[in-house]
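Some structures to go through are shown next.
Paired with chain B in one complex and with chain C in the other, chain A is shared by the two complexes that follow.
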Partner chain A sequence: MTKLETVIQPAKFDAVKDALIEIGVEGMTVTEVRGHGRQKGHTEFYRGREYTVDLLPKVKIEMVLPDHIVDRAVQAITSAARTGKIGDGKIFLARVDEAIRIRNDDRGENAL
Partner chain B sequence: MAAAVPDFALRNNYRQESQRIQRDFEAVGSGLASLSSRTRLVDTLALTLWEQHFAEVAKQGCSLVALGGFGRSELFPYSDIDLLFLTENDACGELIKPAVSSLCQTMWDCGLRVSPCVRTLADCGRFDQGNLELTLSLLDCRLLGGDQSLFDRLHGKHLPQLIARESDALLQGLSEMTQTRHQRFGNTIFHLEPNLKDGPGGLRDCHVAQWIGMIVALSSGHRDLVSVRQNSAHGEMLDAMEFLCSSRCYLHYRHGRDDNSVTWAAQEELAARGIATGAGAVSPAEWMRLYFRHAKAVYRNSSQLLGQVSRERSSLYRSFQHWRSRVSNSEFSVVDGRVYFQQAADAREAAAVLRLFIFMAHHGIALSPEAERRLNDAHLRLAETMPQDEFLWQHLREALTLPHAANALRAMHSLNLLTRAVPEFETIDLLVLRDLYHRYTVDEHTFMAIEVLHRLKDDQNPSLQPFGQLISELEHPELLFLALLLHDTGKGLEGADHVHGSVQLTAAAVERLQLSEEDAATVCFLVANHLEISSTLRRRDIYDPATIRELAGKIGAPERLKMLTLLTLADIKAVNPEALTPWKAENLWRLYTRTAGYFDRSADVEGLDAKVSTEVVEKVIELLPTQRSEVRKFLEGLPQRYLLSHSPEQVAQHFTMAGNLAAEPVQLRLRPNSGQHELIVATDDHPGLFRTLAGILYAWGMDITKATAFSNRSGVVVDSFYFKDRFHTLELNPPECERFQRSVREILMREASLDRLLESRLKADHKPVKLSVKTHLRYDEVCSSRSTLLEIITQDRPGLLHTISSTLTTEECSIEVALIDTEGPVAHDVFYITCGGHKLTAERMRAVEWALTAELADALPANW
Partner chain C sequence: MRLVRKLSPFLLTLVLCGTLVAQAASPAADTAVQGSQIAQLQQQVADAKGSADNAWMLMCSALVLLMTGPGLALFYGGLVRKKNVLATMMQSFAMMALVTVLWAIIGYSLCFGSGNSFIGGVEHAFLHGVGAAPDADYAATIPQQTFMIYQLMFAIITPALICGAFAERMKFSAMLLFMVLWSLVVYAPMAHMVWGKGGLLNASLGGRFPTLDFAGSTVVHITSGVSALICALFLGRRVGFPKEAMPPHSVVLSFIGACLLWVGWFGFNAGSALSSGSLATSAFVATHFAAATAAIGWAGAEWIRNGKPSVLGAISGSVAGLVAITPAAGFVAPVPALLIGLIAGVFCYVMVAMVKARLGYDDSLDAFGVHGAGGTIGALLTGVFATSLINPIFKDAQGHPLPSGMIDGNYRQIGNQFVGVLIAITLAAVGTYIILQIVNFALGLRVSTEDEVQGLDVTQHGEEGYYWEASMP
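Coming up: the complex of A and B.
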């Protein structure tokens, strides 16, 4: 099993979610986050006042997937979230040793 | 003595009878009938066991008494059985302990959850602050068996005396207990999966209302508990109890335990089986709508009663409310924090009733039960005579903008008067959007959205504070509030697109209310686009300039952007308490500031080619069909900003003014507008024109709050000034309006001297101010291809615009476009300037900056 942690542009969330559902990914945890990578922040003005926008809005999607679907999920995310500009986001992958469904004690991929 | 019945026979009989009652309920669906049958069954069982187990114990000096729900004969399938073993004295109590134990054991074996207690008569007549529940449950006591005279003494003497003696403490305790219970549910009836018993508006609130009635009656000298109990429920409360009892009964059978949550799945079953609907199967949303209708009635009734008893008994509260009674006027009196009609007949007059709701919206004071009763009695007459036109709008606009508007609207709606005034609202009366996101019914969502905006100014949440400033800048907040009131009315119509339905209903409403064309267009625009910003936030990259450009194009003008931003904020926040996260609020603010910035930096983009501008042009031509080419010629060179910030009627008026320039070279229109004055000037452009106009207004003592200046390719200038008449010159002396306009004309035509007019004003016009604002000057050379943008943020002061425009003229700059705005003590002015027809050189920019910095510093009085 692999955990995918994906940070994307908020505007791309619907497209990414639809693409994941399309390939059979059913469960995900979504969080509204702020951050930046190389994109960094910038300064904006509103009525003469200066606003430093150093942390930009992003959406983080976390999911644990059976290994056989991970490549397709990565492809679905990159296709749906890519604009080609700085700030499109990142995908992090990590091995997961065990998963347990609290309700009935299912283990492993059965618990996903 | 009755013959002993074996336990297994009792258990079998109890089980079979319980199943029969359940089958009857499933067949008929009557909760009250089921509760009554079940009470009789448990009565029989308890009495049988009493006869068996207490045969050898003294029958005198001991009674078996049903308490709580069992005592009220409202025994739900899996409720606790509250039993009191009432004894004459402690010795008797000791004697019956083994029998009590045996009786309870057998009932447990039957599957009944018995809660027994053994108390002497003296115990029951004492008030125990720490066991309020016992005294409350005694209110519902009912004799099952044993010593009748002992029970009679409890019921007829000790209990009434206890209640009469301790009524204050009892009511206080009951009030606190209820408040704590309501707090557990967020003090609202609106939950996605409500609890039918303990939730606000649930059965427990019905009982609270009954108990208050009984305590108040007994403390006022009534001695008969039975008659007091019978009189405590009435009308809509009885309907609500029938609904809640049937539904709770179903939940008990469904869950097989005392679980009163109407879960998502349970809602579907209750609706499909038509439980408590009186009309067979309905949709789950419709079933929930019925639930909310009853819960609302119960919650209102119990809250009103609790408020009433708290007011009568708390001296601190009375002192506070006495202070509030000072707001009483000739029409309405405020007593104990509730509003009453001074003249009973006024409750039958629609105009007086509308003024009552304005009064409530202003002071945040709830209706007294008496006023509510009078309004209910007069409902038919009010429904027939409720105005529907401009008269209604004059009252509604005032109420909507007052701080407690939401509560006034709620009160109006609960009396069925809001739907008489605004029939469009009827479509969303208690309408349920059955998903896991929308927590409130659509009507309550609307009231909450209005409440959100009124509370914005005082909201301590850092992510909401910038919006609080925004709402105070609105020129016509009443239009935003009207749009909020109507924005979701389409949800009650058939069809997938509720926005389309809402727009249709809004158009009908604004026509009936006789709003001006401009105001009507703004309200319809807000309703039609109320999802636009949400959609942009969700689907578009808000840091992409194309997104901002497109959004600005759709919205058209900064004032509409402010209103739509606030409407979006309120709409999201009123969906559920967690819907507006700080993350969303920040993104909304960023989208707003970026779009507002775009408006300032695109003000000289020419407009005839843009899609939205073209639509405006076509509408102007519709108004002047015979002058198509002349209109297009007039509009050539005018920027998009001009077209989007003026209605077609306004553009047509400017065109007409420009057409008259040949006969009269200075065309003026002066009119009062929202507590200020608006002066429109059309004339041929010439150097220093804007400076001259600003100077004339200053010399007349006018305080300019907003201004725009645009010119077309033929050199016709259309300048608009919004100003406060600081000395009420025009307001108090109508002939001065003519003299003022003559003065403007003469100076513009160089027939009179501006300098002479200014002389008197310049001598004495420096008033100290409390808050100083630091001056910022900023250039933007990128945003316009033809002009240099100069943004000035500085302390507002008399004659500021004249000072700035004079300095720019002295520095040989022409003002191509001017956008002047004032927010409290801050002046925010944007000028698109050229020098010799070109952008400013670096050297000229430095010179202008130096001169302005010096002038603005010089213009400050010594204490600034």
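Coming up: the complex of A and C.
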């Protein structure tokens, strides 16, 4: 099992979600987050005082997937979320040792 | 029957003659009847005018209260950080309650009683003698009680304006004591000098330095603005200022507040005609025009300097314009009003965005930059643009109008305006400094650093403007 932690532009969320469902992803957890990578923020002025806003709104998607589907999921995300500009986001992959379904104690890939 | 018909012209003539003879017989009694009818009509006309004026002035009183709550409370409430929104709104609201009580006990009397050149007497303490009968020196057509309640609304908003300077760091208890003392020591003498009977600066009741101040730039905006600056300097900066970012938590709230201020200001300025005639119209028009050009001026200056016109800039500009036109409304024509607004919008932007940043004091919500600076520029420009065509306030012995401002040829008026401004600045600065010393000694002015970091809503009032669990299902 692999955990995919994906941070994308909020405007691309619907396209990414549809692409993931299309390849058979059954569950995901989504949060609205703020952050930045190499992308620069922007400046705001309130009564002449300048404020630098470098934490920009992003959407984070967390999924744990069976290994056989991971490559296709990465493909789906990158092609749906890419604009080619700085700030498109990132995907982080990590091994997951165990998964447990709270309802009935299913374990491993059965629990996904 | 035929006989009657033949005789009818004759009979008619006879009756008419009889009537004439009867009228001629009692000329004295008849004049008396006509006289009393005329007197009755005159009374009815006066009553009708009184009713019209009274209806308008009660309406204006309500409009001026609308400026404090919700107007100013929302305007200031949106500009602070989330953790201080309620405490900031409460400061304005507290004035609505506190100053009202003070006004009934002694405030009104100290402002508008006879007294001397500097302060009113105590004859109206506990509103003694303030009833349905008008006080002809102030407003001959409305009950003195209407005049009293209208002036109260000014006494409420003036100290509330100062709250912008010490926002997010002053103890609630210290703020209350400060405001009680300030209302008595700074506001009452200034209001008496400019508007009270025998006041030193009163233009319509024969003051020594007749200052033109239609709706209160010296009394309201310069006093509150200068006092705000003294408060900001005395209390010091907020914890974290200027390193930490402290942007407004909701420009949306401020936007609603500023729009309510604009509307309420019609009561403030047009109501200062104290009657519902054409002078009120003139003040209404000037007020609106200045707010419009000042919004353009401030937002335009931002557009040039930062590349974008901001919403906060536009609404701050309109407030600056309303401040600057306050002394001039009722003395100036519409086109000069456009000019006064534009100058005030740009000038206050420079004061807030450039001068304040250079000097480094933390006038948190720019009470000085908008009200102190805008009030001063407005008071001086009133001396330039006031014209007797709009309001013949100065008259010679025969009652002919004399020139008002510089454009009428009365260059001396600029000097009189300067005297009014200087007295307001001095009284506000000295009075506020002494009061701050007293309150600091008695209660301490600032909350502790921990309380300031946690926010005044929780530490001063035990509640939150945005209770976080409220968003849970």
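Operating definition for what follows: the second predicted complex is superposed on the first by the 105 of 112 C-alpha atoms of A that agree within 3 Å, B and C clash if a C-alpha of one lies under 4 Å from a C-alpha of the other, contacts with A are read in each partner's own complex, and residues count from 1 in each chain.
Here, a contact is a pair of C-beta atoms (placed from the backbone, for glycine too) under 8 Å apart; a residue touches a chain by one contact, two chains touch by 3 or more.
Everything quoted here is computed from the prediction, not taken from an experiment.
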item	value
First, second, both or neither for A:R34, with chain B first and chain C second	first
Partner, of chain C and chain B, that touches more residues belonging to chain A	B
Which of chain B and chain C A:E44 touches, first, second, both or neither	both
Touched partner set for A:D18, first chain B, second chain C, both or neither	neither
Doubly contacted chain A residues - partners chain C and chain B	44-49, 51
Chain C residues within the chain A interface of the complex	242, 245, 247-248, 251, 302, 305-306, 308, 310, 312-313, 316, 349, 352-354, 356-357, 366
Footprint of chain A on chain B - complex, ascending	537-543, 581, 583-584, 586-587, 590, 593-594, 596-597, 776, 778, 791, 793, 823, 826, 828
Footprint of chain C on chain A - complex, ascending	44-49, 51
Touching residues (chain side chain A, partner chain B) in the complex	9-11, 13-14, 32-34, 44-49, 51, 53, 56-57, 83, 87
